[in-house]
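Common to both upcoming complexes is chain A, partnered first by chain B, then by chain C.
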Partner chain A sequence: MIARLRRIGLPYLLLLPALLLELLIHLIPMIVGIVMSFKQLTQFFIRDWGAAPWAGLDNYRVAVDFDAPVGQALLHSFWVTLCFTVLAVGLSWLLGTAAAILMQDAFRGRGFLRAIFLVPYALPVYAAVITWSFMFQRDTGLINHVIHDQLHLTSERSFWLIGDNSFTALVTVSVWRSWPFAFLCLMAGLQNIPRELYEAASMDGAGVWQQIRRITLPSLRPVNQVLVLVLFLWTFNDFNTPYVLFGRSAPEAADLISIHIYQSSFVTWNFGSGSAMSVLLLLFLLVVTAIYLLVTSRRRDAADA
Partner chain B sequence: MRTYHRAVAATAIAAAMALTASACGGGSSSNDSGGNSSPKTLTYWASNQGTSLENDKQVLEPELKKFEQQTGIKVKLEVVPWSDLLNRILAAATSGQGPDVLNIGNTWSASLQATGALLPFDATTFSKIGGKDRFVSAALAAAGAQGKDPAAVPLYSLAYGLYYNKKMFADAGIAAPPTTWDELVADGKKLTKDGKYGLAVEGGNGSENIHHAFVLAKQHGSDFFDASGKATFDTPENVAAVKQYIDFIGKDKIAAPGNAEYAANQSLADFATGKAGMLMWQAAASSLKSHGMKPEDYGVAPVPFQTAGATGAHAINSMVAGINLAVFKNTKNLDGSLKFVNFMTSAAEQKTLNATYGSLPPVKDAQSDPAFSTPDLKTLAEVLAKSAAPLPQVPNESQFETLVGTAMKELFAQAASGKDVTTDSVKNALTKAQQQMPAS
Partner chain C sequence: MRKPPPPPSPMAQPKSFIWTRRIFLTLLTVFTLAPVYVMLSSSLKPLQDVQGSFRWIPSGFTFRPYIDIWHTVPLAKYFVNSVIVSVSATVASVAVAIFAAYAVSRYRFKGRKFFTVTVLSTQMFPGILFLLPLFLIFVNIGNATGIALYGSRGGLILTYLTFSLPFSIWMLVGYFDSIPRDLDEAAMVDGCGPLGALFRVVVPAAVPGIVAVSVYAFMTAWGEVLFASVMTNDTTRTLAVGLQGYATQTDVYWNQVMAASLVVSVPVVAGFLLLQRYLVVGLTAGAVK
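Entry: the complex of A and B
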């Protein structure tokens, strides 16, 4: 009996440290965040959280009242983030896939190119994005120097860090930063596809495009399933890129939700309202993730059967 | 079943990733109001006043040594960059773990006062540092909400002045610096030619934007908050004030469109290198020098008024700018902290530090020192004494800076890319900003 208990108990005992740390690092802050969202936690109460009055659902009510300015701004920020995420993830995935497939066959300089492609992923975020912000400067930046001074593509120098173009700038930097990750994952995935499949296909007369469509992409499905989800979550929540690029107040066209929440809590000192927005964001991402996994897994189960 | 398990696991990961924004800070502190349990050490957070953080350390360390010799108290110095200072103070207020003595931007005084994290300077506390009357009253007015005990005491004072390039003025045949905005625009138009501009503005910097909007609004006879502390952003006068400032890039075209994205003191560099003929700045001497501009090449005049010889409430041409010194309420060395405040605001230290940083001493005894009688500092001192007003000392000041500062940045972006900025569009932007203010 005791031996049996010991046998059953051991794995759990070994898991305990990890479980405790998980509680400490992830769950407790999350719960604190959720509690905060029901409080009226402004600068008057940050010294003593206990004294902050309960706000009930008021913080949420303000956040989702889309006829009022705060809700409107949040909704606007939400749409901007959604467009940004779809574009950035799509482009990163496309670039990553294309590069991974092109790098699949051995040729001179392949190792070098692979290493070069991974550089954006290896660079520290802050250093890289600060460099981009210099390049995007209107009067002295490299981007305008190339497209205006050298190529004469625009009639006058354009702004990239303020106004509507800031969205383009943000997508560019984000794609630059995240496509090497897609490239890395897909490259690894490609190694698992047996060469014989391609040989058989070419014997049957399938061209390159057919091979990609019928062999490569279906074989990469499990990799893609995780990759797209992770990229989506990272991009949707990305804080560093917009923060370093635009500072603490982003232009309207590039007002990502993470910056928006930061502004609603840290800059305006209303932590309750910021927490409520965070919880809403969490719920949204949970729903999206659950639907995504259900849909993609069911399709695969159907394909497997 | 397999699908279900996977979905749960991945959902948990997603949850962990999503809530990072709100998962900052934690724990609450009791209301212990400090004491004297560690009387031999002090921690001091200094703001960045010199040309670099390292430079600040070099300036302050010898002074802290003097303090140690006098009192036997060792001061641990940390120079905090401006981009972090407010967040660090907020974190300290939230956790109760902070420095003993700290520098704050004087515009934050009322906001931080509302948190209750700073020691109020009541009559007893003032008596320990030599009394209230040692300080210039305009500077003390910017140390907390009206009618409350100040949350800090002034340490360095600054005011805005109009810096102008003497050679560019002479070349354009302008005899004297402008005293009204009409003159400034006219002079600006004369200077704007051959890729050079009349004026440089820091359009991407929200705080700079609201400092100027505040002064212009005062000149139009208006304010961004009413007497009860309620936001009044979109009054016709405030709209006119904001539009007047945006028009330097928009309608008047005396500032370069590129200025709209300046947020890292590029306007200062543009002025120092002769790309722009005028600049409105606080105590720019040492920065201009580091950009290679000699003191004899520029003059400093008061910032213009709406009409010549403006009087009364309309005769405001600068905010009371400056740095305050505050004591953290949770300090473990209350007596030592006050001794340190006394030391830093003593006439001798005030002379040394303000002379080094190019600011003005808010302590009366130190003002007569010859170090502060250079022509530019004399002009700024006069502005500070006669025509400067503190920014609204209300708890919601930081929201005002963010919302109106960002709105003006957006308006500058429109003006710079050739869109018309009209009275209506300015009013819309300000109304929107006002609606986002908390209803307190």
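Entry: the complex of A and C
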């Protein structure tokens, strides 16, 4: 009897530490966060948040009232984040795919090049992004030195970390950081394509470019399904890049949603409305993920049939 | 370790392909390495070189920045904090992940699928969603019990170890699945318990996977910024936040910032490049499956 209990209980016992930690750090805070979003949680209640009065849907009403300043700012931040994410994910995916395909065949220096391409992925975020912020400095940075001093493309040195240019700067840094991950995944995906497919195609007279279009790209579809989703979620939620690049006050043109919520929570200490915004963000991501998986899976089934 | 397959397309490559490859890969290398070059060259420049217009070639080389970085901000303290936090989080995370992955890989139990899906899906949730509640929970636990999680290294370790946990479990399950079950069954016949089989058979056979997971967990903890910026105070500050100390001074000593960035990057980049063979397989196994 005891032996049987031990046998059934063992897997749960093994899982217990992981479960407890996930509960403490992820699940309970998430539930607390949802509860908080219905409370009027201002700085007076930080030490005893249970005492904060209920707010009903007020926090949500304020967040989605797009005529009032708070809602307007949130909506603006949402659009900026969406544009940023689509651009950054698209470019990262493009660079990753191109590099992976071009490096599919062995050539001299391939291993070395691969190691180099992984460096942005391996560098700690803050070290890499601080370096970029140095490069984007108006008077001392490399970017203006090349564009203005050496190529004379601009009539005067431009600001990159404030104003509208900050969006370009943010996309550049984000692509630099995330394309190696796409490259990694796609390289692994390429290794799974059977060699016979290429042999058969080249026997039929298909050239390299045709092989890429007809065999390589379609075979990568399953990898791409996961890869694009993961990149999208990471980029959409990205906090580190803008936080290190711009500091605590992001310029309006690069006001990503994570930074926006962080600021509106820790600057005004209004955790209730910050939580409401986080919950809205989560709902949006859940809906997008669900639709994405539904659409891509259906298309995959259709392609298989 | 899987060997790289032979080149897939046996056909001779046309000139257009070779030239496209040359040009594209050259441009990509420049893009990738530009920050690395800036970091390295600027860290060896005298101060006047980084205060004027950017120079590709330093006017003179100096190691002064590498000495000064330790005085301008208490970098050594941040470094020690980061090492303590990252190493503890890594060790704990890998240990917890080994047990969990063993259960998922070797046992069929109720809730197995639910567990894997739940744990993995926490990965996609925005960090900002946990940040505010976790901050409040830590503050309130501190008030109620006197256990200081907020502002302490312990709280940060706890947080970081759960960050790498889902991915680590996922990767290890893949590794454990590839180890034949006959091996641990044989060990159990020889009188080992399930845990004996885990530590004498499965763990030694999964060393590459465990190494990969450790590097991943360490990188996650070493590079995290969001929680470090909220959950630490002056004595527990880690490099992620501390490095910004150079930039908030009235004068930014960019040569020192670059030297410090290089110093904090070397351990992770070196580890990553040395172990990339294991990591590449492990990190991508999930996406390819």
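Simple rule for what comes next: the second predicted complex is superposed on the first by the 284 of 305 C-alpha atoms of A that agree within 3 Å, B and C clash if a C-alpha of one lies under 4 Å from a C-alpha of the other, contacts with A are read in each partner's own complex, and residues count from 1 in each chain.
Simple rule for what comes next: contacts are C-beta pairs under 8 Å (C-beta built on N, C-alpha and C of every residue); 3 or more make two chains touch, one makes a residue touch a chain.
What you are looking at is a predicted structure, and each value in this text was computed from that prediction instead of being measured.
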{"item": "Touching partner for A:134 - first (chain B), second (chain C), both, neither", "value": "second"}
{"item": "Residue contacts on chain A - larger count, chain B or chain C", "value": "C"}
{"item": "Which of chain B and chain C A:297 touches, first, second, both or neither", "value": "first"}
{"item": "Partner chain in contact with A:269 - chain B first, chain C second, else both or neither", "value": "first"}
{"item": "Partner chain(s) touched by A:38 [first = chain B, second = chain C, both, neither]", "value": "neither"}
{"item": "First, second, both or neither for A:258, with chain B first and chain C second", "value": "both"}
{"item": "First (chain B), second (chain C), both or neither touched by A:73", "value": "first"}
{"item": "Which of chain B and chain C A:93 touches, first, second, both or neither", "value": "neither"}
{"item": "First, second, both or neither for A:84, with chain B first and chain C second", "value": "neither"}
{"item": "Which of chain B and chain C A:167 touches, first, second, both or neither", "value": "neither"}
{"item": "Chain C-contacting residues of chain A that also contact chain B", "value": "26, 28-30, 32-33, 36, 46-49, 137, 139, 233, 237, 239, 247, 258, 261-262, 265-266, 271, 274-275, 278-279, 281-282, 285, 289"}
{"item": "Of chain B, residues touching chain A in the complex", "value": "2-3, 6-7, 10-11, 14-26, 28-31, 87, 90, 93-94, 96, 111-112, 114-117, 204, 206, 256-258, 260-261, 263, 395, 398-399, 402-403, 405-406, 409-410, 412-414, 416-417, 432, 435-436, 438, 440"}
{"item": "Touching residues on chain A, where the partner in the complex is chain C", "value": "8, 10-12, 14-15, 17-19, 21-22, 24-30, 32-33, 36, 46-49, 95, 98-99, 102-107, 113, 115-128, 130-135, 137, 139-142, 144-145, 149, 176, 180, 184-185, 187-193, 195, 198-199, 202, 207-209, 211, 222-223, 226-227, 230, 233, 236-237, 239-240, 243-244, 247, 258, 261-262, 265-266, 271, 274-275, 278-279, 281-282, 285, 289"}
{"item": "Chain C residues within the chain A interface of the complex", "value": "2, 4-11, 13-14, 16-17, 20-21, 24-25, 28-29, 31-36, 38-39, 42, 50-54, 96-97, 99-100, 102-104, 106-107, 109, 112, 115, 118-119, 122, 124-134, 136-137, 139-140, 143, 158-159, 161-162, 165-166, 169, 194, 219, 222-226, 229-230, 239-240, 243-244, 247, 254, 257-258, 261-262, 264-265, 268-269, 272-273, 276, 280-281, 283-288"}
{"item": "Chain B-facing residues of chain A, complex", "value": "26, 28-30, 32-33, 36-37, 42-44, 46-50, 68-70, 73, 137-139, 157-159, 161-163, 229, 233-234, 237, 239, 247-249, 251-252, 258, 261-263, 265-271, 274-275, 278-279, 281-282, 285-286, 289-290, 293-294, 297-298, 301"}
